[in-house]
Every structure is written in structure tokens, then in C-alpha cells.
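The following blocks contain the structures, represented as C-alpha cells.
Each of the two complexes below includes chain A, the first together with chain B, the second together with chain C.
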Partner chain A sequence: MDAEPSVASRAVAVGSRRRPERLPGEARRIGYLYIAPAFILYAAFNLLPLGQGVNTSFYDWDGITPGTWVGLHNYTGFFTDPAIRSGYVHVLILMVFYAFLPIVLGLFLAALLSRIRIRGLTFFRMLLFLPLVITDVVTAVAWTWVYDTHGPLNTVMNAVGLGHFIPSQGWLGDFNTALPAVGVFGLWGSFGFCLILFLAGVMKIPASLYEAARVDGANAVREFFAVTLPGLRYELQVVLVLSVIGTLDTFDEIYVLTYGGPGTATTVPAYLVWRRAFQSGEVGSAAALGITLMLIIFAVTYAINRLMERGAEP
Partner chain B sequence: MTTTSRTQVTMNYLLLIFVSGVAIYPLVGTVLASLYPSGAGNSPTGFALPSGFHWGNYVTAWKVGGFAGSFTTSIIVAAVMVPASVVLSILAGYGFATMRFRGSKVLFYLFILGLIIPTEATIVPLFYDVRAIGLLDTTWALILLEVSGEVAFGIFWMRAAFLSAPPSLLEAARIDGASSWKTLWKIMVPFARPAILTLTVLTFADSWNEFFLALVFTISHPTAPFGLASFSGRYTTNIALVSAAAVIVAIPILIVFIVFQREFMRGVLTGAVKG
Partner chain C sequence: MSARIIRLTVLGALIAAACTPGTATVQPSAPPAPAVTGVPDTGPITLTIWDQEYGQVSRVWDRLNAEFEQRYPNVTVKRVKRDFNELKTLLRLAISGPNPPDVVEANQGWPDMGQLVKAGLLLPLDNYATAYGWNDRVSQNVLAVSSWTPDGKQFGTGNLYGYTTMGEILGVYYNKQKLVDLGLGLPTTFDEFEHDLAVAKQAGEVPIMFGNNDAFPGIHEFAVIQDRMAPTSDNTDFIFGSQGTQLSFDTPANLQAAATLQNWAKAGYFTPGFGGGGYQDAVNNFANGQGLFMITGNWVVGDLGADNRDFGFFVLPPKEAGAPPVSTGGAGYPLSITATSEHPDAAAAYIDWMTSDHASDLLVPTGQIPLHTGATASTVEPGTVLADVVAAAAATTASNGVVPYEDWATPTFYDTLTASIQELMADRITPQEFVSKVQQDYADFQSSRT
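Let's turn to the complex of A and B:
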């Protein structure tokens, strides 16, 4: 039989879920030896740099000459530096595409599809899963072609007589369309994952609940809000956390699709970290940006989990 | 079954076919585009087959893009990183699941934290640390960083798998007087094989797809995705060649996905896929 890691790893994915901790096993100091190799590596390349990063973030440093202590100055950039502010605005807009729309569409489709038994589900699942499995750089390259001057999107638009809406600089080169174009790529990338997860969740909802709702004369909409949505609470929580964190540290597709451009139209915090640390020599600022991003991710993860758990209590 | 429900069923299938089609269209289109004659003037629209299949694009892309080198890097990294990460996760996961010791809870939560610490928060000092120990621009840097980034997830996964073992298994081993080491490899690992296989597959995918770390740490011998990113930056107008390069980079992960589909699904359905 399969080992059943599902429950615990789901708890993992949503972070702080408390489950009754049955403290396993017997007291054995040899435990330290089993943990040690992983911990040493983890401490050296995650925990230690984290501390160093906090330290660096208090300096104005170009990476070469000795830095000067500037206190929290690098952090105030979050409020005063227009590049950073617009980076976060962009990431918020992307969240609509990376998190909100895929979840809404996924829920809608899962609810529709829950009413029938799907034959060949494994096959459909595999297709829907491909955008997630395949390397980001590869899928982003595929989408540069989708958006190309003579690519499929423009071909369709020309064919249906909407050619005059095509921006002259191309979808990824136009100040107004570049960010939504990246967003659509993200929607494409995360939609399948949401649908697969929700479909799996729907199948675990006892059929008796649906029957009871129908006996009560519930229509499809009522049924969705009374049975399907509450039944998918876990899945929703997982998807929310993963997709919001995923959006906050978006980097690969920005690098491939737009390099943050045109101008700064698609810069996001992760991209700013990379550029300031390794391109423009604003190392202190880059460190502060990274730490800020982490704190925001912690806060958002905590908030989502609290919110979803409170919503669960009757 | 009434007629309305039959139309409903048909509609649902059409819908499912449509969304699956949207999911794979850019990928299938890229494969088609890769077979067009290469050159700036040839623009695949994505709705017509090329006049002839120009398989030569793959040879050209492979050579011009230096993929022999970047594939070697990626394969070496994965070949060292995946077993290392999985073994470390098995060891630590076993420790957390079956033993009690002072501070085990704190240590475990420290690892949990690793699941949501973004690389961006550590990348700046990491660069200077790695340079200080003389590993900048080496495959070793990438291997070490990927393993240390992956163990947080691996430990969770393995701890959960070992926790699901029936207590009688451990008890039997204890009565036999087996050491903890022997119990792990002779009893727990065989029991947790499916979970270990899933972890291995997911870890490989993470390693093959890694881009940010590769961009920072392997400047002169890029990984396959890094090689593709630079290639597509240099040949923006040559869609056929860039598409061929993209397909080349996708093939290994595609093969692993098709072969280990079940394991991928198990990973995802438990909501544990990172990134």
C-alpha cells in the first residue's frame, strides 16, 4: 500500500496548521545525528545568510567598497522609492491573474464537472498539469511566440477583424499591455493546477451531502455555496497560500518575457532584488528588499491560514 | 438519464476538452514552430503546418545554443543533488518521526520556515558567502544551494511518510533488537518506498527547472534553462530556432513526467508542490 503522507504534507503546505502533536518515538539522543547532515547544510545556506541579509540591509553598500551604516533607510524605500512601490503594485495586479482568476475559474469548472463522472480523467489531468510541470523558462519562451507580431494571438485578432487593437510595440512591448500579458501567461500556468486540485477535492465530498441538498430543493447555485465550496475549504487554503506566495516571488517569466520592461512596466520585487544586487550595485537595498519580501510572505501566509481556519468554525 | 443531463454531460466534456486544449496549445504550437524553416522572415502563425519538417533546427539550436554544455551541467547537478537531497531528507525525516530529543520541535519548525523563506531573502549574502569559499561559478555551488533549499520540503514529506507507518513495525524491529540504523534501511525505507519515489521525482523536477540560482551562480557554465533564456534573448526574431531550443530543454522533464505521472499527481494532490 502507498504510504499516506497526504494529511501531514497538506498541513505542511498551509504552514501553521496545528494538529494534535503525538510526540513520536522514544527519547533518543541519536536523533541529533540523523538530523545533523540536513541541518548543517540548511543552517549554512539558509539560516546564516538570512541573518547576514538582515545585517546587510542596514548598510548602504555597493558590493565592493566598505559600506556605510544607514539604519532602516533601505527599508523606508518601501514607502518612498517609486520603483519599489510600483513593483508591489505590479505584483498585486499579477495576483489577480495568478491567484484570483484561476481560483474562480477552477471552482466554477470543478463545480460544473462534479455533476458527472468523467471518463479519461487521468488523461485530461495530465494535459492540464503540463503548464505547471514544464520549466518556466520553456513555457515563457513558448508565450513569447504566442505574443509575437505574426504569432497565433495576432493572427486570430486579424482574422476576426480586431487587428487595430494590436499594440504597435507588440503585447510585451507596450506600456499598457505588457503587465496583463504577463498575467495571462500566469493564469495559463496556474489554472490547471487549481482545477486538478479542486476536482480531486470535489470527489471527496460525500455524495449524500449533494443528495440532501437536492432533497431540500437546492438549485445548482445554492448547492455550490452550501456543499461544494465548504467542502473545498482545504484545497482553497492550499491553493491560496501557494499561489499568493508564488506571485510574490515571480521572477523567471519576467526575466524571459520582458526583463521588467518596457521601462519599469513589469518590474516586480524579486526582479528588483536581482537587478539591484547583481546589476546596479545597490546591494544594501537589494538585501532590504529581499527581507521585506520575506516578511510580507510570512504575514500573508499567516493571515490566509488564520482567515481560512476561522471561517471553518461554525 | 434524461436528455437534459445527457446534453449536460456532452457540454461538460466539450468544456474539459476546451480547457485542456488551451493548456497545451502554446506547447504544441511551439513544437510546430520549431519545425518551420529557420530565419527572421519565417513566422509560424501556429495554425498551419510548416511546408516541410525542418528537423535540422534541432541540430542547429543544439550547437549554436551550446546545449551540450548546459545539459551536462544540468545533468551533473541533478545526478548529485537529487540523491543527496533525498537521503538527507530520509535521515532527518526518520529522526523527527521516530525519536524524541531536546529541541526536536524547535528544529522541526525551523525547517518548516524554510518552506516559505524566498530565495530572494538570502540570495545577496549567499553570493558573497559562496564567493568567499571559492565556489562561485561552479556546479558545486548550485548543488549545495539546491540541496539546502530542498531539504525543508523533503523532511516534511519523509517525516509524514514515516509517521504513517504502523507502530507495530517499529515495535517488531525493537523486539528483534535491531539498531535504529538497521530499522531505517531494512524496515522503514521499504515501507515508505512510494513516498520516496514521489519525493525523488519532485526533487528532480525542481532541480531541472531551477532558474534563479543558476542565473546567479553558474555564469560561465549555465544550466539548460539558463542556456535557453540567453539563447532566446540573442535570437528573438528566429522563432523556429528558439522554439527548437525550448523543446530540447523540455524533453527531459517531459519524459520524467510521462513515466512518473502517478507520482507527480500524488505530489500535487496532497497540495505539496512548491513554487
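Let's turn to the complex of A and C:
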């Protein structure tokens, strides 16, 4: 005779017939279909070349004839090749101009601007942002004129009686000033970006925090470290990551301003990649340099993010 | 799940990419000499040409191409202008792809033509050279700098892989009025030239207009001095590398040349601030009347104006008066036929056309130097700077005094030499350190060849 199925067994039957509702946002297989078009393009134009780059870096290859497998030999250049080593030293020096100074100056001005109202701020913001809108190559060509023997910089220096500070070989031709000259170009380019981001961040900090700080008797310096700086943490993180990557990638301005010279005073890793791959037919070495550079960028970015997040914990 | 996907993707990309880069090479054999010269009338032929000309020369090429099509109505010339870096990188890919080029304009030397020959990308032209009589039209050294053994391992000997009748020469441009104003005549010896430099400096004039921010001009300043010190054959043997590690850059002659260049820089004979000055700016300033001399190549004739009479040109004079003229220069970019060309006979006819007397008459006014025997240079006006350049080149060629560019010596020689010359001229290294540094590059390459 038919007995009523027990509650438990019914529940099982129900369970087997109707699977529990999917949680919203849980992955479904159909999702792979949605990302497929983008992923295929990404794989074809980014991942595959990356794989080829890694592969090439294990060969001694002139770009035309079959390469010879050399294992990790190309990577040892990172430690032994003086050209590569000095390239990284140059990048570290450039970082002062491309990352450190713009951030310090940007923070200072942002803090200042947070305390006073400036008429026509939008206009000044636009001016500061302009270097980022124009491509680096174009602005770098303009800067070759700034540094020219008869250019505006020397004209001004001569006019105010600082003429004897002008290097005899020109700013870009002197072994001591060429790298800082490139750096100042970078400072000019990235400073506006930092300031715009910091200004936007400052505006987002509630005015009540400043008021509270002032009620507590904080002076401008105290206010900066207690309110402004913590409030700008995320902007700082973004700026730091972008500017550090930007420095490690430096190529355009070197190519336009100095060709890595005088001597090798301004060669940087990215410039060496180009020169070895397309000028002197050392494609394997160029690939190894590029991969190393990529790994360093990954590591530095990761480190910055970790540091900033740890700093965020109270 | 996502981590696994990433791992799989990276692995997949690595596997897909993991194979020896570059393709196995097959050395092509020379096509047989054609029974008749000229383009065979065997139906429509499209000749694809890759070249790297621009400006005035480019316009002459367009005209010559149109005339070639008129001459052989079954031929269509398809011209592709390429930057040289691009040309070298793309050639390998293009040759296996649809519509490969038939004729390419490639640079000589180890970094460029040497690699193309080694990769089996160019056809030996020897039989065409015989059929068209190219061997008798130019001097042996013009052919030698385009000659390689089929494996690309020996330079300056073996098969002919490129041909041109146009060339280059380095020398000294001078401002005629300034020379007169300073009470100087044309120098006939190296000492007289150095004396002129001192006089110009004394008078507050810029002795040598120069800008070395672009790095390459320094090679030319060094080369013309080196040509005075070292025997002509030294440099030829050096770049051909036929004696392997036997030859050295560290010679007394090169040391002396380096010391001279450094002394000139120290004495203020070059434009103040030359390290940061641009090459084109220097040329423009010289054209506008600044500076007494400028040491560079024939190619700036176009900037000065071929019919210009304010400037003159001479090859830097030898140490002893009356010695035959010597200068760096030689064959310009030669034309080569690619190994996969379907119409090598038509391509050879095209090369012959582009190197004909007619072509040279059109090319010379752009500042190119005719290298072939019997060049009439009928389009050159006497008394112009162009006439000076052409005459100086003719005299140097006649005395077999053309020295090839030194940066052909190794694939990295250009970088090493330009950077070291910048250091030398800025007094950062001594002449001895300079020759040792450059020699290191040479020794590395020569030992890697064996």
C-alpha cells in the first residue's frame, strides 16, 4: 500500500528535482562565453606575444636567422652587464623627478589650496593638466628648444646673471646635467597630474574634519598630517603606482632628448630594449631585459599596494 | 578556478610560443645570366620595391620608376617606402607572406646586409653583374662592400649581393667669404688646416660648426681625422674582419687620431655647447653663415642648395702636401634582389635602370655622388658647392682613397663608437681609454665569429 513518503525523503526528492537557487553573483559557466571575445583578443595580442617574449629571452637571436638556446644566460646580464646596471641606476635617479618630487610638491600645493580659495581654479587646473594631454614626443621636442644653447632657459639665466652656471656643453650635452635635465622634463609632465588628483581628493575630505582639527588647536602642519594626508591615501597610492611604472617605462623623452647620451649618461632599460631589439640585432637580450623590467614593475606595484594597505589599518 | 584558468592560459601561451625563433635558412643560388638583358616580355609583371629614400631623392625615384614603366609597358613598379629599421625587421616576414618585395635597398655591413645574407634573403647578383657589365662601371671597393660569402660569415669577398653607382663622401665645407676675411687660403696640408682652425678661433669665429646631440656626427669628425693618420687599407681590413682577432682598434694611428680630436674639442675648435646641439641646427646655422668650416657628408648639399656659390667643399688635406686625397665614404645604399622574387630578371633590369647614367644625371643634383666611370655629371654647374663635392669625390675615387664607414665593423659598433666619442670629446676618457673601449667591442665580435 502507498504510504505517504516521509518528510525527509520528500525533501530529498525535492532537492534532487529542484537544485537550490544560485546565489546572486555566483559564477556560471555561461560567463566564460561572455568574456570569450575579449579574452581571445587579449590572448592573441597580449598573452601570446608575452609567451613569445619569454621564449625569445632564452635564445641568442639576431632577429632573422635561427636562434641558439642559451637558457638563462640573457638574464645574467642583469647582474653582469654594466650597461644594464647603469640603466637601472639612471631610472632610480629619474624616479626622484618622476615620482618623489611631483608627489611632494603636489601634496604641498594641494594642502595650500585646500586652505585658500583661488579664483579661476578650473583654468589653472586645465593648465596644469595640459602636459598630459599632449603626447610626450611632441612636448619633448619642444623641451629640446628650452634646453638649447640659445633657448629660453639660458636666455633667462644670462639675463639674471646666472650665466656661469650654464654647463659648457649645454644641458643635454653635459654628462652631469643630461639626466637631471630629462628628469625636469618628467617633473613638468607628471606634477600637474599629481596635483589634479590630490586636489580632487582634498575636496572629498569633509570640511567638518578640518573644523574639528582647528577647534582642537591644530596648526597648518598638524592639520596636514592629521587630516589631509590620511584623506589622500588612495590618491597617493594611485599616483605612486602610476608614476613609478611611468619612470621604469621611460623611453620617449630619452629617444627625443638625448638618444641615451652623452656617452651612456641617460640610457635606461626601456631604451636598451629598443636599441638591442631593433638596432643591433640582440633580440634575445632585449627580450630578457623586457621581461625583467616587467617582473620588476609587477614586484614594485605589488609592494606599493601592500605597503599602502597595511598603512591603512589603524 | 580563476587561478587555474590563469595558469592554464600562461602555460598555453608559453607552449604556443615555445619554438626556436627564426626559421631555418636555405642559401639561394645565383640565377643564371639572362640570355638578353632588359625585362622579358612575358606578360604583366609587378615589381615591388622597398626603399628608404625621402625628400628630393624620393621624387627622382618616382620619376625614374615612371620612366621604367614607359620603357617596359608590361611592368608595374610598386614602390613601398620603409624606414630602415622597419625594413630589416619586416623583410623576413614579408618574404614568406603574399606580395614579397623583389628589390630592396639595404645598408651594407655586418649589422644589416650581413644578416640578410646569412639568413638567405638575398640573391647573388654575380651573373647579372656580368650580363650588364656592372663590374666594369664601378671600382672594386664599391663592389667589395656589398660582397659576402654565401653563409654571411666573410665580408668583402665572395658573391655580390647589392649594387649601386651612387655614393657618399665626408669632407669639409667652408664659408668662402669667411676664409677670405680671415686672410686664409684653402689648406693643402693637415697642419695648414689646424693652423686655420687656430686662426679662426683667435678671431672669435666658430672654427667648426658642430652639434653632437644626435650622436652620429661625432663618428664623422673622428673618421676624417683618422683617415689622415691610418693607412687607407687599415680601415677596410678592419671592417671586413678578414683577419679576425689579428686586427685591433688599439693602434698608434687611432690613438693619435683620438688625441687630435680631443685636443680640438679642448681648444674650442667646435661650436660651444656642441654636446647638446642638434645636427640639423648646426647645418642650418652653417647655411645661415655661422662658422668657418663644417665637417660632414655630401648629403647636406641639399640643405645648402646644389647651386649655392657661397660655400665650397674639400676633402680634409693629407699630412704631406700633394699626397693623394683620402676620405671616408663610398657606396651608398645598394639595391638587392630578394631570394623569393618571382621576377629576378626584371628586378635586375630595374637595378640596371636605377644605376644608369640617366639616373645619375637626375640624382647628382640632389647631392648624391656618382661613382661609376665615365660619369659626365652634365647636370652640375661649375663653381657651385655641388661641383666641389663631385670633384672631390671623383679625385678621391680615382686615387682609390675611399675608406668605408667604420660603424659597419660589428653589429654594436655604431653604439659603442658614438658613445665613446661623446665621452672622448667631453674629456671624460683619455684617448687610450677610448681606443681600448672600442677595441673591446671589436674583439668581442671577432671572437664570437669563430
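Criterion: the second predicted complex is superposed on the first by the 279 of 314 C-alpha atoms of A that agree within 3 Å, B and C clash if a C-alpha of one lies under 4 Å from a C-alpha of the other, contacts with A are read in each partner's own complex, and residues count from 1 in each chain.
Everything below uses one rule, namely that a contact is a pair of C-beta atoms (placed from the backbone, for glycine too) under 8 Å apart; a residue touches a chain by one contact, two chains touch by 3 or more.
Everything numeric here is computed off the predicted structure, so don't read it as measured data.
In the superposition on chain A, A:Trp69 makes contact with chain C only, not with chain B. Legend: residue contacts after superposition of the two complexes on their common chain; A:Gly263 is shown touching chain C, with no touch to chain B. In the superposition on chain A, no contact is made by A:Val221 with either chain B or chain C. In the superposition on chain A, contact is made by A:Tyr59 with chain C only, not with chain B. Looking at the shared chain after the overlay, A:Val160 reaches neither chain B nor chain C.
Legend: residue contacts after superposition of the two complexes on their common chain; A:Arg29 is shown touching chain B, with no touch to chain C.
More chain A residues lie in contact with B than with the other chain of the pair chain B and chain C.
Applying the stated contact rule after C-alpha superposition, one finds that A:Gln169 touches chain C and leaves chain B untouched.
In the superposition on chain A, contact of A:Phe278 is made with both chain B and chain C.
Of the two partner chains placed by superposition, only chain B is touched by A:Ala142; chain C is not. The interface of chain A with chain B overlaps its interface with chain C at residues 27, 47-48, 50, 52-53, 56, 63, 144, 148-149, 278, 283. Those residues of chain A that touch chain B in the shared complex are 2-10, 12-15, 21, 23-35, 37-39, 41-42, 44-50, 52-53, 56, 63, 109, 112-113, 115-116, 118, 122, 124-139, 141-146, 148-152, 155, 188, 191-193, 195-197, 200, 234-235, 238-239, 242, 245-246, 248-249, 251-252, 255-256, 269-270, 273-274, 277-278, 283, 286-287, 289-291, 293-294, 297-298, 301. Across the interface of their complex, chain A is touched by residues 1, 9-10, 12-25, 85, 88-89, 92, 111, 115-116, 118-119, 121, 212-215, 272-278, 281, 411-412, 414-415, 418-420, 422-423, 426, 428 of chain C.
Per the touch definition, chain B reaches chain A in the complex via residues 8-9, 12-13, 15-16, 19-20, 22-27, 29-30, 33, 43-47, 88-89, 91-92, 94-101, 104-105, 107, 110-112, 114-129, 144-145, 147-149, 151-157, 159-161, 163-165, 170, 180, 191-195, 205, 208-209, 211-212, 215-216, 224-226, 228-229, 232, 236, 239, 242-243, 245-246, 249-250, 253-254, 257-258, 261, 264-266, 268-275. Remark: chain A residues 27, 43, 47-48, 50-56, 59, 61-67, 69, 144, 147-149, 167-175, 178, 258-264, 275, 278-283 touch chain C in the complex.
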